[in-house]
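Labels A, B, C, D, E and F are assigned to the chains in the order they are written; within every chain, residues are numbered from 1.
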Amino acid sequence: MFLPNSFIDALADYESACYVIFGVPFDNTSSYRAGSRWAPDAMRQVSANFESYNPTFDIDLVDLPIHDAGNLETSASVDETLRDLYEDVKGLLNDGKLPIMLGGEHSLTYSTVKACAEFAGDDFGVLILDAHFDLRSEYRGFKHNHACVSRNILEQITKNLVSIGIRSGPEEEWVFAMENNLKYYTADDVESAGMVEVLKEAIEWLDCSQLYLSLDMDAIDPAYAPGLGTPEPFGLSARDVRTAIRTLAPFSMAFDIVEIAPEYDSGQTAMLGAKLMREFIASHAKSCTKV
Amino acid sequence: MFLPNSFIDALADYESACYVIFGVPFDNTSSYRAGSRWAPDAMRQVSANFESYNPTFDIDLVDLPIHDAGNLETSASVDETLRDLYEDVKGLLNDGKLPIMLGGEHSLTYSTVKACAEFAGDDFGVLILDAHFDLRSEYRGFKHNHACVSRNILEQITKNLVSIGIRSGPEEEWVFAMENNLKYYTADDVESAGMVEVLKEAIEWLDCSQLYLSLDMDAIDPAYAPGLGTPEPFGLSARDVRTAIRTLAPFSMAFDIVEIAPEYDSGQTAMLGAKLMREFIASHAKSCTKV
Amino acid sequence: MFLPNSFIDALADYESACYVIFGVPFDNTSSYRAGSRWAPDAMRQVSANFESYNPTFDIDLVDLPIHDAGNLETSASVDETLRDLYEDVKGLLNDGKLPIMLGGEHSLTYSTVKACAEFAGDDFGVLILDAHFDLRSEYRGFKHNHACVSRNILEQITKNLVSIGIRSGPEEEWVFAMENNLKYYTADDVESAGMVEVLKEAIEWLDCSQLYLSLDMDAIDPAYAPGLGTPEPFGLSARDVRTAIRTLAPFSMAFDIVEIAPEYDSGQTAMLGAKLMREFIASHAKSCTKV
Amino acid sequence: MFLPNSFIDALADYESACYVIFGVPFDNTSSYRAGSRWAPDAMRQVSANFESYNPTFDIDLVDLPIHDAGNLETSASVDETLRDLYEDVKGLLNDGKLPIMLGGEHSLTYSTVKACAEFAGDDFGVLILDAHFDLRSEYRGFKHNHACVSRNILEQITKNLVSIGIRSGPEEEWVFAMENNLKYYTADDVESAGMVEVLKEAIEWLDCSQLYLSLDMDAIDPAYAPGLGTPEPFGLSARDVRTAIRTLAPFSMAFDIVEIAPEYDSGQTAMLGAKLMREFIASHAKSCTKV
Amino acid sequence: MFLPNSFIDALADYESACYVIFGVPFDNTSSYRAGSRWAPDAMRQVSANFESYNPTFDIDLVDLPIHDAGNLETSASVDETLRDLYEDVKGLLNDGKLPIMLGGEHSLTYSTVKACAEFAGDDFGVLILDAHFDLRSEYRGFKHNHACVSRNILEQITKNLVSIGIRSGPEEEWVFAMENNLKYYTADDVESAGMVEVLKEAIEWLDCSQLYLSLDMDAIDPAYAPGLGTPEPFGLSARDVRTAIRTLAPFSMAFDIVEIAPEYDSGQTAMLGAKLMREFIASHAKSCTKV
Amino acid sequence: MFLPNSFIDALADYESACYVIFGVPFDNTSSYRAGSRWAPDAMRQVSANFESYNPTFDIDLVDLPIHDAGNLETSASVDETLRDLYEDVKGLLNDGKLPIMLGGEHSLTYSTVKACAEFAGDDFGVLILDAHFDLRSEYRGFKHNHACVSRNILEQITKNLVSIGIRSGPEEEWVFAMENNLKYYTADDVESAGMVEVLKEAIEWLDCSQLYLSLDMDAIDPAYAPGLGTPEPFGLSARDVRTAIRTLAPFSMAFDIVEIAPEYDSGQTAMLGAKLMREFIASHAKSCTKV
């Protein structure tokens, strides 16, 4: 029997699927290290390491309608790629799917958020786990650089956005965040207040039932996630990010994991990413079951 | 547009395909280095590096009916895996396909050869490019160890077998080869006589129109192919192996590439393997066109 | 002066030794990543990094009777290897040695536990640090797959077994564990209750003076131990595992460290493993001294 | 005494320099593997491995006026980067320098060739060592993709261009080359005719005294140069490329080495590149001395 | 515009600089793993990953007078290298600079401490973060082995020294430390008492306003810093070391980071080191501003 | 059955051995890359990849009296290490052994040559395969730097020395070689004249029956041997070096392989080195048999 080259346990065909995973092998605006183009395939490969059963939620992933759509055909142009991605995500939402995007770089999140925001209407918010503000208005020649994604979301899509894990940015970003009352929590905030409390506040602030959840893996400390485009020491623990994803998944209409650069470790980061994606699905599915 | 996670240019569905590529991620009898289990996926990934057009044969692979069937579901037991593989290859042959197997270890070749021999009947031969005789009758507890594949073929399937590239084996294997008049050429024979002459002799000796062609990548010198299970210095040049594959493809009813261990280089060996597979297909397709 | 190629500070000959370290370079049932076959040699090499003196126990390893017996000659067959290993460990116990096995894969533990159980009689228990239950009755064609070792121990040797660090397994294993009242602690249990409390309970439950202690390195979080066969995020901290080993060593009649795959990091995991082995010896030796 | 962080033996200041080496850490249109952004720094680091004296030309590099200008400040936009690069190279030429560019990707060559062509006037030609035609008119969204550089040169700058080492391209490129009488030699042509003969023909065809020489490192066989963006088997030998560079340097007004991706080996390709750059300088300097 | 090959944000020339960073690529007495010779260049390269603005101290590094002097020209002889280093650091101090040395191995600290002690006079102390005592009087043939640096400082320069992070040493060192009332804190001491309390005690004990701060990166746990010459498990957390550096920088007249071996990871340790150096500068500069 | 941690097929005890292999893990004068300290252990590990039977000489290594003495205990001081090495090699020669040293760096060869020269008397010569002259009189503070070994041999031991493979050195070395009529062949000489002819001339020139044969692995092209301390492009082919070793072994009283740096590849260079050592032993043993 031949097995398809897809994520393990993603056994459903497109039609019957609720969760549609897809990769976007694009990293062409990367500023420091490139290589997140290889992340979707790396995460597929490492996914075979995991058991399908999730004991926390008593959910077996093989029983869930998960589909792996493959990778988006990309251009080297960020604008073209963002345009195609936006169209495809709109298609997924219209077909009633929950999109799970595996980047690729963080700039991609702009298109998926845009498609979700249009689909969701007013009752919508964005929660980003990231070491970086990504609030630049332009970077290294591109408005849609990965370092600008939060700014583009804030200015063009929604102001209902919370960032968790922040610890790096040029002075202008810290000023912009303050002057615009951006809601954010630094990694040190999480260390002192606890992730549970931070999430409680964030959920209250967002006050929406349709969330876009974006995990820039550099939110996590490099001890757990060394394979990154722009690693930043003194980050969140793997367990705290697990807590965030388990807590937020039931409210989420879409999810992404971006900025893994698998050439810079031996699978550690892709494995943690794949695991967190599986926690997202299990938590979301459990919440559906309970209803 | 989402792209499937398959070999680049393998665009056909199963029904319309002539060439069916499949992986067998199995290396459980490996004696020195394991890791050929990762070779099929590694070759898929690196295949994206290559142009679809082959100027030597004026063939564009996108125009050929090539299908990627994915990977065989394997057991950790070599006997179970060989049994399933044999059944699946029989199915491919009965469906009129030319099977292209990407190992995995060399023991797998036993099943594919067996299926082909039964399908082909008398007009059948086997040509193996390998640094090793693989003539042991048993090794480290297994009759179907990768170090025994030629012995098993000779004793159970056909004596019409030629080995090229040989340079390593226990004394018993050299004695067995001599006493049984095994037709073989060492890597040094190829160096002195030339691959063209060696192939001419081999083809005459085999005297068949249905060939099984097996490339144990360790036939090639580690300078070109460092990522191997059992590398052996002083091997064939990449160009000589290309000559062999281009020459023999038109006669071949099946092909395999085995023993690549991608953890031991940065894609070099998987890339050479993927390229040689593409030369095989182009050469074979060209010969069909000419008829 | 020439130095033998053995663990540093393992200066005793076999006869005078109390602690006998040996490697078993076997990983042929590995399901995800192979490579634990290289762990014994990797641990020997990195052991040279450490000081012989242990300040916690005020013990100098050079003063202890430690012998490095080299590596077991293995077959590629798990059954043959387990049989030979069982015989050799029986020999060690009969000679009054404390066996310290460095795997290789976890399936090996079956033979060492079996030999110890027969030697110890009723006053015997097993404590396993592992991310996985290893409770499958069969896996990928083998009853003695590394994923089955706890099941085989429970059914064939002793029910007096505790697992610590558990966080992964198919649903059947969680059900089996519950239905059979298996005593286990998840990594999250340790996080919340504390390792000291968990060990206290485990020791009470086991209620024996002759313990077999087995450390599957994947019990530890991949941040500390990335070089593993089947890494699992959200694991035990290195310090907690040190606490377990220091606490349990005085009761232990044998010890093993398994599942390190040194190809997947730059020595980090082998080094932590070698260090923990040295903590085991120092703690055990100190307890003997005190008596 | 503190040493500057520059190429070894590049001891001259800008004013007194004849040879000005600079890096361009840009790879943002890369199609397969990124990473040539790291090549300039990697080549600086490995340059310390080499002796300053060149016995073939009896030239000591420490006696030559070589300056390392550092790296060009790049944008992530290829158009911006090409514009800045063009201006800077014009500046170098106007200051009487011989520019030596270390990429970065091959698209950069467009700007350096353009600046040189304008400076040189009619007596000008381009010789490119490359596995690829780079004749696409557009690729993955960019007219200035690295896969288009020869096409852009031919159409916008000069038709006096020869390519050596070619072995890969889509069918359109082979057709375009034939229909436009592009002068090129495949790697197999070099293998059969010999590099000396090929160079003789190329020099006659170019018939100019001011040459731009561009070395896309993938011209070389991956056995010698595994660390590449788009490696292509069956390439030129390191010695043949050395012959080309030694022969052509005296006619050359500028030189570049591009497409080294140092993350994919352990310094081998950067070292060969740095060595070939030093052969270029020594050969050029010797020819000046002789006059 | 060409950028110099120096630490990012080190934009000042020597004359106007307050902070002078320099590398010493020397590791010739290394006992276990060599390779810290590559650390200064590795840290330069990874420094480009970081934002210039430090939000904790509201300081932008581009506004500070930081100069990168390049690397010291080293001999393979530790005595020659130490002599040259001493002279150069004296020069820096006499020119009113704050020297920041990036090793290289820990033996180098002897020269920088000596130069600082002579410059500072009585009001001087040394604080070393290290897993090791480095109290040997001689090691592997050298009095100035990296394993002897604290002993040499104590006996030849000053007894006003505190070590934090200690967890490894031969028995003689623990005895020597006790008999000589050496002030030290183990990593477990920090774990139980907290870094803030430990620093408070250390500062009181040192009772000086001119501190030499030395960070042997192996003080930090290998989870955060795997790329080391002599890694030692169970170390300090990255955050605790950040606390130490932030706290002590205002009192410090010089700083070094040593023993990073960048070949043994993918930039993780060099990145943490570069980040900590930037925390040192920002904290020190802030304290100057406040006065 | 436990196997010792030694070279495969080195089954003899010291007393009965003819060939005594030992490692010297010393690289403390290394100028570019360190790491040859790890070569002896790396070569031991990879030796398990090879068959014991050598078909060229019809010799089975398991039948030969080969002993692995382990590694020399080294100091970090080259003078101390050379002194101990000299004493130990004298002991080996006095015991009637043929010493086979696996470095470590090339400076070690001084001691082994010195011991052999004293033992052999007048009928003695030295043949070195090397990319480098190693003719410096002093380097980076050491008279016994690895870059000085040939100079030290010439001036203190014997002038009967031939170098093959030379392609790098400062101008002084080329001048010294010419002025002192040093007999040497460049790698390009071997390329044009052929290794067979070069060896014929070298043997005539040396005119001795007791040869010391030293293989600095950087003689070989980095395509075959990338894992080196100071790699130099455009080197000898692996086959040519095999020819040299097979031809010279019968005349050789000792042999060494030095300068392998195993951290810089995935076993390729250590494997080629181990293979060449086995060719040396087989060729030597065959010549003894024939007498």
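The working rule: a contact is a pair of C-beta atoms (placed from the backbone, for glycine too) under 8 Å apart; a residue touches a chain by one contact, two chains touch by 3 or more.
Labels paired with UniProt names: A, B, C, D, E, F = Agmatinase.
None of the values given here were measured: they were computed from a predicted structure.
Here the CA centre of chain C (Agmatinase) is 41 Å from the CA centre of chain F (Agmatinase).
Contact with two or more other chains is made by residues 221, 223, 263, 265 of chain B (Agmatinase).
An unclassified topology is adopted by the chain contact network, corresponding to no line, ring, star or complete arrangement. Pairs of chains meeting the touch criterion are A-B, A-C, A-D, A-E, B-C, B-D, B-F, C-E, C-F, D-E, D-F, E-F.
Contact residues on chain F (Agmatinase) toward chain B (Agmatinase) in their complex (touch as defined above): 48-53, 55, 60, 221, 223-224, 238-239, 242, 265-268, 271-272, 275.
Within the complex formed with chain B (Agmatinase), the residues of chain C (Agmatinase) that make contact are 27-31, 34-35, 37, 74-77, 79-81, 139-142, 145, 263.
Chain B (Agmatinase) contributes residues 32-33, 167-171, 174, 191, 221-223, 226-227, 230-234, 263-265 to its touches with chain F (Agmatinase) in the complex.
On chain B (Agmatinase), the positions that touch chain A (Agmatinase) within their shared complex are 1-6, 22, 38, 41, 44-45, 68-73, 84, 88.
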